[in-house]
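Same chain, two partners: subunit A is paired with subunit B first, then with subunit C.
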Partner chain A sequence: MAPGRLSQEATWGLIFLVPYIVLFLGLVIYPVSYGLILGANPKSYVRLWTDPVFLRTIVNTVVFLGVAVNIKLFLALLLSGFFVHERRWIRWLSVVFILPWAIPSIPTILSFRWMLNAEWGMLNSLIFRLTLEDGPNWLLDRWSGLGMICVVHIWKYLPFWTLILLAGRLAIPKDLYESADVDGASGLQKFRYVTFPSLRNLYITCTLLSTIMSLGDFNSIYLLTGGGPADSTQTLATLGIRYAFGMSEIEVGVSTVVVALPVMLPLLVLMLRRMKKGEQP
Partner chain B sequence: MASVSVEAVRKRYGALEVIHGIDIAIPDGEFVVLVGPSGCGKSTLLRMIAGLEEISGGTVRIGQRVVNQVPSKDRDIAMVFQNYALYPHMTVRENMGFSLRLRKAETEVIAERVQRAAQILSLTELLDRHPKQLSGGQRQRVAMGRAIVRNPQVFLFDEPLSNLDAKLRVQMRTEIKALHQQLKTTSIYVTHDQIEAMTMADRIVVMHDGIVEQIGTPLELYDTPANLFVAGFIGSPAINLIRGILRRDGGRCWVATEAGVDLPLNGDAAGQDGQAVVYGFRPEHLTPVENSGLLSRIEVVEPTGANTFVYAELSGAQICGVFSERRSFAAGETLHLMPQLDRVHLFDAASGRRLAA
Partner chain C sequence: MRKIFTEARLALIGILILIWTLIPIYHLFVMSITPRVETFAGALWPSRPTLENYETVVEQGHYYLEHFWRQLWNSAFVAVMVCVITLAIAATATFAISRLKVRGGRLVSNMALATYLIPPAFLAIPMYKVMGIYGLLNTQWSLILTMVTFASPYAIWVLKQYADKLPYELDEAARIDGASPLQIFRLIYLPLMAPSLVAIGTYALLLAWNEYLYAFLLLSADKDITLAVALGHFLTTDDAPFNVLMATGAVYALPPAAVYYAFRRYMVSGLTAGAVKS
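And then the complex of A and B:
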């Protein structure tokens, strides 16, 4: 083979790589750099920091992530302990339980929105019938709106995380529990000394991953409150839309996403490190 | 320490019964081995005694107390699992002290007992390691240590050596036996390895398909197996078994095989003339003779140094002989072999039961 010329194998290798390189350039590098260019204008950031809506949005985002992610994962941890039991009816129930996660968001979250409608929603009609009093304005107040957003988010994503933690529980050898039984551990002690130490790493990884994923949860907010009333329930995921399409300030819209990067990137790096390190008690 | 008694115990999984009424009485301090082929129900029986498996019928007593409804932790037993079941996030010390800690024993008491158990099992250097930093044999010892710190009434072992290599297995076998001689705690030990059973047990329970085939000391099982199953299961290499018809003529007695060979018997052998029987003799009870023995053709010779294993064809069946004297055997050679008549076993062919002399 002449020097400087590729072997046939290497040539074919390159040919097969081309589609991936093209896709990567077209679908990752191009949009990301275009976004960064759009978000590179310092004026956008001045505009953001002086906009009270933006500051409120930061608070909303932190509250949403802190409350929704933690409650969701804690519930998932408890529920996975229920679904780990081997009974036929539990198996059927778990299929039903997966549904919220499996079905599309738009119809389900919209029906939440209608159920929660203050005047004619199902919930308030029910409250009125039972108590003859008007129910609260669920979605027309910042904090109850955010609360409902958390509820919908948890309802939607709880099954997924329950499934992940269930897999974690199933990987714990059964004889550890039997050994703990013989040693005299109660149910709670078995959780404390066997289950939790084995799940701890997974739980932390799930929390990180869920935080990253929930930051991008657009549907739960946009479809339920639309960020309203008066932009009081926006999060970073929905705020970009407000600027970009509501107010035709595309550059500012992109900047809202860039703002999240200093928090997101360390989280991502931390996560990837943990995953590489694997299970290490 | 306590006796254990298993009375008419049954186990059903739904409609499927896997243990069909087992009776075993284990006196205080005895080392009993449950042995049998895979799937015969040894683990299930042990787990019922441990309280890890519900008892479908019959009674299990530990000491004088019926424990059918008593939860595992209140049965005062300790169990060593096949995969050791060490808590991965605790150190060896914490693993060993865990049960005492759950029982709210004082810290000094726990430390002292763990220390003593560690000494007995030479684990002192390893106390601060985590299980995954230990070798298989060390893990096995920690599992033992965890059992002995409790000082329970009964030790239960479910194939604790099956994950070790052959050499370590032999070594741990001796250690467990020595430990039992020191502690004298009633022990029930499950294995499918008959050598392990023979070498460790005070008494062996041979199980098969959910029933007990025979209970006895190792030598009782070896010398007087109650049936064909036990005869075939105990002893290595396995006993030679040849089918035939029992013949009596005056004071003389023999077994006639289909191939026309007459297998010799003592005159006082049990059984009736014309009865279909199985003639059994162990490989080590076969002697080469000059002539007048059973003519057999050697197929394979396996010298091991101490003994020579000879596989030969006799009356259409393959038999094995073990000879300790140095004598050259060659494949293809014909040999006169004679079983020691007082060690020949005779079984009824139909029921498989031993014909008592």
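And then the complex of A and C:
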């Protein structure tokens, strides 16, 4: 290759890379640095630690992540075992099953919200008709509100993770199962000795990625309970917005996010390593 | 006997999955065809199904829907712009990184991957401030650029994996024939990458159409907001007309669902392969 050629390629390479670099500097590096400066005021942290809402929010966030992420991925693991069966009707069902993920979450979350309304909702009307008793106040209590947030979150994201784990299952060599059959293994044994070891690594990656993504789930909380009643169902994603835009305390709002960094950064680094390893097989 | 048992068990699980998936969608549909007088009945099926709520939406016949068509257009405009700009930025960047092997390309793709792992909600406040400094607040460009920022890292990551797999000999042969990098990009790279570009374009389009948080922070005038924000506005009062809201929601959900199913073929293979690798 002639040197002139090389420099032409290098020039074009730079030209092609510039749009993303400009975007990255202007709308990632700049806001992140700006955020770190806004979050550098020690007074904000004093304010946070003395606000009971903040401590409750930390507990909520941990509960939400622990419950929603694990149940969602465990169900996805089980359901991927269902969708792996080759039947025409299961293929059709998978088309319907993907709906929650394919359609926008705003209308469906608002639909949940109305359905769960204690006085007029379809669910409590049904409960009243069947038992002649009033149903629970689904969204007007901290723990059942959080529970419903988990349900909505799982409903929305279960299809996506099921697809991922299904792809993982389909990648397991068939002869592993055939030789297990020859050895007379039961279904449970096949799961224990063939499926699970092959999927373990993917399952852990999914858990990490889903934890990071769920940490930023704003819609499931904001649109279902609005963080209420009395700020008892806020998570870190919604609390920062509440401080900054609901109470005009911009710096405190940013600080709620900064508080999550000691947990988030190690997760991020771990995840980056895993994803980059997968990149070059 | 054993076979019948297996099939019955599969059928049972299938029915449970179907019910679980359809409950909120069924509820949304039923509420949207329930006449306003029955709003608070909580019935499983309205005694007198009606299209009056959809009529209200189409005719902009409610205070909350005064600018419905305008807002639908805004959603479409933002989504299409995000789709086009994300594709342009990600296709050029991955071509430079993967095919031209530009110096520093690895660093850029690593930074993009790290950006993909930042939850967008965590960047909301500084992004809002920065858009104010750029003077873009309350314009649709603030939303478009923000969504491009969040769509392009994933786009770069997925496209790069596909680009790395294209045979390098093709570029070599074209170079020997005297093709410039720009010609290689246009005549070889883009056509070969078409399937994954379709997947990524759909991803960016849906991401932007579905966005609520940033749309609601960055836009404020009734004529500028997207339909997603307009739906959220219904919640500001207690006596919100929920049937009309559900009808609006159904109209809002239809275009992305249609786009998704039209390109499902590309989406499933393109995105699940890229999303997680063990």
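By our rule, the second predicted complex is superposed on the first by the 262 of 281 C-alpha atoms of A that agree within 3 Å, B and C clash if a C-alpha of one lies under 4 Å from a C-alpha of the other, contacts with A are read in each partner's own complex, and residues count from 1 in each chain.
By definition in this document, contacts are C-beta pairs under 8 Å (C-beta built on N, C-alpha and C of every residue); 3 or more make two chains touch, one makes a residue touch a chain.
These numbers come from a predicted model, not from an experiment.
Enquirer: With the two complexes overlaid on their shared chain, look at subunit A and say whether subunit B and subunit C clash or fit.
Expert: Superposition check on subunit A shows subunit B and subunit C fit without a clash.
Enquirer: Taking the superposition on A as described, I'd like to know which of subunit B and subunit C A:27 touches: first, second, both or neither.
Expert: The second partner, subunit C, only.
Enquirer: After the superposition on A, what does A:40 contact: first (subunit B), second (subunit C), both or neither?
Expert: A:40 sits against neither subunit B nor subunit C.
Enquirer: Answer with first, second, both or neither: which of subunit B and subunit C does A:189 touch in the superposed model?
Expert: first
Enquirer: Counting only touches as set out at the top, which of subunit B and subunit C does A:170 meet: first, second, both, neither?
Expert: neither
Enquirer: For A:55, using the defined touch cut-off, is the partner it touches subunit B, subunit C, both, or neither? Pick first, second, both or neither.
Expert: neither
Enquirer: Is it subunit B or subunit C that touches the larger share of residues in subunit A?
Expert: Higher number of touched subunit A residues: C.
Enquirer: Just subunit B (first), just subunit C (second), both, or neither: which does A:178 touch?
Expert: Once the two structures are laid over each other on A, A:178 reaches subunit B alone.
Enquirer: For A:124, decide between first (touching subunit B), second (touching subunit C), both and neither.
Expert: The second partner, subunit C, only.
Enquirer: Quote the smallest CA-to-CA distance from subunit B to subunit C in the superposed model, rounded to whole Å.
Expert: Minimum over all C-alpha pairs of subunit B and subunit C: 11 Å.
Enquirer: After overlaying the two complexes on chain A, where does the subunit B footprint on subunit A coincide with the subunit C footprint?
Expert: 281
Enquirer: Under the touch definition given earlier, write down the residues of subunit A that touch subunit C in their complex.
Expert: 5, 8-10, 12-14, 16-17, 19-21, 23-24, 26-28, 30-32, 34-35, 38, 79, 82, 85, 87, 89-90, 93, 95-100, 102-108, 110-112, 114-115, 119-122, 124-126, 155, 159-160, 163-164, 167-168, 199, 201-202, 205-206, 209, 212-213, 215-219, 222-223, 226, 237-238, 240-241, 244-245, 250, 253-254, 257, 260, 268, 271-272, 275-276, 278-279, 281
Enquirer: Which of the residues in subunit C come into contact with subunit A in the complex?
Expert: Those residues of subunit C that touch subunit A are 10, 13-14, 17-18, 20-25, 27-28, 30-31, 39-44, 88-90, 92-93, 95-97, 100-105, 108, 110-115, 117-130, 134, 145-146, 148-149, 152, 156-157, 161, 175, 180-182, 185, 206, 209-210, 212-213, 217, 228, 231-232, 234-235, 242, 245-246, 248-250, 252-253, 256-257, 260-261, 264, 268, 272-273, 275-278.
Enquirer: Mind listing the subunit B positions that touch subunit A in their complex?
Expert: 50-52, 71-74, 77-79, 81-83, 85, 87-90, 98-99, 102-103, 130, 146
Enquirer: Can you tell me which positions in subunit A touch subunit B when the two form their complex?
Expert: Residues 173, 175-176, 178-185, 189, 193-194, 197-198, 281.
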